[in-house]
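What follows is a structure written as structure tokens; I'll ask about it next.
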Amino acid sequence: MILILKQDAKTEAIDKLSNQLQEMGFIVQEIKGEHTHMLGLAGDTSHIDRDQFGRIDIVDSIMKVSEPYKLVGRKFHPEDTVIEIGGQKIGGGNFAVMAGPCSVESEEQLLSIARDVKASGANFIRGGAFKPRTSPYAFQGLGLDGLELLKMARQKTGLPIISELMNNDYLEEFERDVDIIQIGARNMQNFSLLREVGQLKKPVLLKRGLANTIEELLMAAEYLMAGGARDVMLCERGIRTFETATRNTLDLSAVPVLHQKTHLPVIVDPSHGTGYWHLVEPMALAAVAAGADGLIIEVHNAPECALCDGPQSLTPEVFHQLMKKIGKIREVIA
Amino acid sequence: MILILKQDAKTEAIDKLSNQLQEMGFIVQEIKGEHTHMLGLAGDTSHIDRDQFGRIDIVDSIMKVSEPYKLVGRKFHPEDTVIEIGGQKIGGGNFAVMAGPCSVESEEQLLSIARDVKASGANFIRGGAFKPRTSPYAFQGLGLDGLELLKMARQKTGLPIISELMNNDYLEEFERDVDIIQIGARNMQNFSLLREVGQLKKPVLLKRGLANTIEELLMAAEYLMAGGARDVMLCERGIRTFETATRNTLDLSAVPVLHQKTHLPVIVDPSHGTGYWHLVEPMALAAVAAGADGLIIEVHNAPECALCDGPQSLTPEVFHQLMKKIGKIREVIA
Amino acid sequence: MILILKQDAKTEAIDKLSNQLQEMGFIVQEIKGEHTHMLGLAGDTSHIDRDQFGRIDIVDSIMKVSEPYKLVGRKFHPEDTVIEIGGQKIGGGNFAVMAGPCSVESEEQLLSIARDVKASGANFIRGGAFKPRTSPYAFQGLGLDGLELLKMARQKTGLPIISELMNNDYLEEFERDVDIIQIGARNMQNFSLLREVGQLKKPVLLKRGLANTIEELLMAAEYLMAGGARDVMLCERGIRTFETATRNTLDLSAVPVLHQKTHLPVIVDPSHGTGYWHLVEPMALAAVAAGADGLIIEVHNAPECALCDGPQSLTPEVFHQLMKKIGKIREVIA
Amino acid sequence: MILILKQDAKTEAIDKLSNQLQEMGFIVQEIKGEHTHMLGLAGDTSHIDRDQFGRIDIVDSIMKVSEPYKLVGRKFHPEDTVIEIGGQKIGGGNFAVMAGPCSVESEEQLLSIARDVKASGANFIRGGAFKPRTSPYAFQGLGLDGLELLKMARQKTGLPIISELMNNDYLEEFERDVDIIQIGARNMQNFSLLREVGQLKKPVLLKRGLANTIEELLMAAEYLMAGGARDVMLCERGIRTFETATRNTLDLSAVPVLHQKTHLPVIVDPSHGTGYWHLVEPMALAAVAAGADGLIIEVHNAPECALCDGPQSLTPEVFHQLMKKIGKIREVIA
């Protein structure tokens, strides 16, 4: 950490601060230029809240040099984390596709989609049992009944399942029944949820919040790992910008940036990331080309029921064609 | 709601859709121009998820006309909501200031600040017992011990207290002990928390999320009111933009926009909204001039301990001077 | 266009407005629901400024239905525009790569890079003669001398050249000497420049502004085409968001969105779009996978001179490897 | 400037770089911690482009410490700049209001509004002769005829005039005829325009670009002052964010931030900053309370012609009432 001092800082005040910092265990070095005067702090500053220094009279601004995360960082864990779940691997060159309906609606719907996406090569079944909805009046998901349907689909297809956990009320059920616990974008900084899910030591897929930086995503993952989780996947699903032609702006450059900073696998969600099914294929392929370790994609099977599903779901047929192209791009990238 | 149809939509398909919509209970009207063709839907569309219409082949885009909220809207509740708590009123011309430390640290600290801000005219004591922290390694607040200190400060000063609730674990304690439950920005769309807090039917201060629109803030308040809450306050505390000179961009135009759309009181937080104590005074005064119903401000009393507090807290002296100016601006605005 | 009327709008006022609109040449239709009342306007509304309607007392809000652009839109020009320049084709399945140094520095530098990128398969030489710089004290480019060097490089390699025009002062020189005129991001809404460049009827590459929507990019291209230009290319080069890990957020979903809305070719700039050379390869490949018609990439040849060039330039060797992968992804996508 | 070195940087490479930097005239200091290693550069780094250092192999990241501007900064010019134009003063405690129509339309219109705003206490007449319009098909202003009308209004009322210059074509006319040259938001980084306008040495009002940081605004002003201008005013007029309830997000915290960093006067435009006339009054008052040195406000006089003007203009009556309240807030703030 570096403290930039004010131009008019007096020598005694600087000395006093320097002593205080040394008592806190830091090695302090002065850097003095014609127009600037700084104190460089060496030692472990990762537990320091830079805001603490903001009220010091003689400090103009503060720069943090070392990364605020440890367990998720590549610095002390250079090799890729490879996650194994029910025979499927993710990360370190292993690619995984999680596919299924936005919401679990019925046994018939879920089984049909699950069999279709398995036939096309998907590795996991995704499906929402509890749904975060902007309106209190909208359908909030089948709840625990939805979880039962997901278990049944797993039994029939052999594919592990991923579903979103929205609060601490169903920790036990998700620990027992779900293969990957999904933390949604709106809960990325629900720190008490992160802490408790971390303690389950289960695989977790953590979605980036709509207004969260890559560093904040890594800090949220640090909460999970500090709690005890090891198998954490990070998911880019679009951030909020001024552009309105897409529902969100899918930030694909987060994929190579994350690969540089962390050893954890990076998954991309082109369905929520764009909001329109006709943008899912180009952005899914782009995500693979950018180096993603996996995709999570919404697939729905009811073209005859126009009002049943969201505008971002693929039909099983379109998904099938997409999977073929994904395989070919994977070969080019490898 | 209006459905804009694709240029090449066939008459039979339009008729089929029109019939489906009428069966759903809507009154459907066609609007036809040279280059555009639309269906206007009248009837109650507030429970409709516009995404449902997004997959219909012949629909190009959808426009929602009526507001998606009811209980929070001015449409059916034109007069201002006035909230009364422990003899203090907020809204409908009644102005309230909530002041205190960011985190509750000790009996001595809290009491000293509480007495100071009361003497300066504050109406409520604010203080964090549970703190949402970006890093799992940072101080997370005194927890229930902090609540006890707040209760003690209330007893000694007579001022009601406000504190942040971060999850469902302490609903009972907050219901019993706290006068206003604060929902933090990161939990604005923690829908299960909103639902459960709403059922307590206690006063709530709901902070706007860092990347949430004004409409989403109103929908989150709708969750609280749909749960049973009546005394809901909305709090503008800065949104996330590309600007880095301030910690957030305080969106003061949200104040008059909210006053137009809702009957609920609007509070402004210039401390978190700017992140720097020297910006708190100008932005607090600006908020009052813009018509805010109240302010929530961080005050700290330890100028001698440079490392104790954040860069956005005022000293009791600066707060005292600010309160005087606030009173005068209130007179101009009234 | 649809005018949403206020709830309390009186019948006479509505009739009066309706008559006014009909006198302006519109076909007006009323749509009336339980809670909403609208006027639908049919006829050519593309020249209407929706702000004009904003002061009408009885109007609550306005929705524009038809697109505000004509010449750039796919509606009236469904087939892809294919641009031919010096034997190189762009668009309609033809892929082009523009490569070269950020700034033209010397004959030796430019020729060496030009020969390298040609050998790797680039189709155009890019190089800045006039540089938009945030600081008035920074190097502003070689100016007309830089143009002369670019012409020389074209002569020696046979590759057409692209360079940025910053104002109306050098219209004549750019018309005569440059093959593609680049309009930079900061000039995307410099409407007088757009108008005059359009009149040259030369190929133009128009970069998206840092805070401009896709619709605004299309309207800027409409200026060029309304002036007389036909061979216009649109360039996604990153938008400004809250994320700081990359210099800009490269919005690759703009590629398929633009392909849907316009017949013009879409080029991606992964160098400025990310700001870091190690992100250029993954994002270049992602852009190709997303369906881009071309790339514009910075290449520099001075690894021994660490202080000569920006952090986003590739070495010729890295560029060469990238070009091979691009070719393979193109095959998968085709 | 501080160069953060990579963990694995070798001693010889660090020494080599350190020597290079010393040859460039810097004083170089090493700062070494357990996990970090930095080089601190002292000396004049204001002309350095930090990107130059980005390709150095052993450098991980760079931090700039001193401000990149000089002429506009308070550091070397601590007292407020006071601008005098035609007997009106702005800055250093002098408040000015610029009012008038968005576009100059006719002699009758302009004169009527000019007399009204003068009677209410405005200090300058604003009016657009050249209008930047998103669509090439929209009305682009009366051009030089509009300037003539503004001159006439100045003659009849005695108030100096301000109007927007969009390109270098009319430099001579604006130098001769206009009292304050306005540079619009879309031209804030039109560096050749800034350079040429600076050389006129006339008063300039520089609007902040829609996606420009406060530092970039200051750098654009630095262009004007480096060219020779002295009387430069900075104007906050709203930035682009995800919020859609207002046309832009008026960033009022820019007012105190600018006052801290620069000696130049700060003007606020609540008309463009919000986009709706009913938000102009609260935000104008808020701007005054935040410490603005002036306001620029759209006023229009044709309530009977509903389709003549934009949704953000005040009637002369509303403007008159606003001016009274502004005066009272000014008294509280002083």
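Going in written order, the chains are labelled A, B, C and D, and every chain counts its residues from 1.
Just so we're on the same page, a residue touches a chain if its C-beta (ideal position, glycine included) is under 8 Å from a C-beta of that chain, and two chains touch if they have at least 3 such contacts.
The shown structure was predicted, so the numbers you read here are calculated from the model rather than taken from an experiment.
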Item checked: Relative to chain A, chain with the most remote C-alpha centre -> D
Next item on the list: Would you mind working out whether chain B and chain C touch using mostly the same residue numbers, over half shared, or mostly different ones?
Entry: same
Check: Using mean CA coordinates as chain centres, what's the chain B-chain C distance in Å?
Finding: 39
Next item on the list: Could you grab the centroid distance between chain C and chain D? Build each centroid from C-alpha atoms only and quote it in angstrom.
Entry: 26
Margin query: Please tell me the distance, in whole Å, between the geometric centres of chain A and chain C computed from their C-alpha atoms.
Written below: 31
Notebook entry, point to check: Which positions in chain B touch two or more other chains at once?
Noted result: 211, 240-242, 244
Notebook entry, point to check: Considering the complex alone, what residue numbers of chain C touch chain D?
Noted result: 17, 20, 46-47, 49, 51-57, 68, 132-139, 166-169, 186-187, 189-193, 195, 209-211, 216, 219, 222-223, 226-227, 240, 276-277, 306-313
Next item on the list: Please give the residue numbers of chain B that touch chain C in the complex, ascending.
Entry: 2, 4, 7, 27, 29, 31-36, 38, 40-44, 63, 65-66, 75, 240-242, 244
Notebook entry, point to check: In their complex, what parts of chain B are in touch with chain D?
Noted result: 211, 213-215, 239, 241-246, 249-257, 260, 273-274, 278-279, 282-283, 285-291, 325, 328-329, 332-333
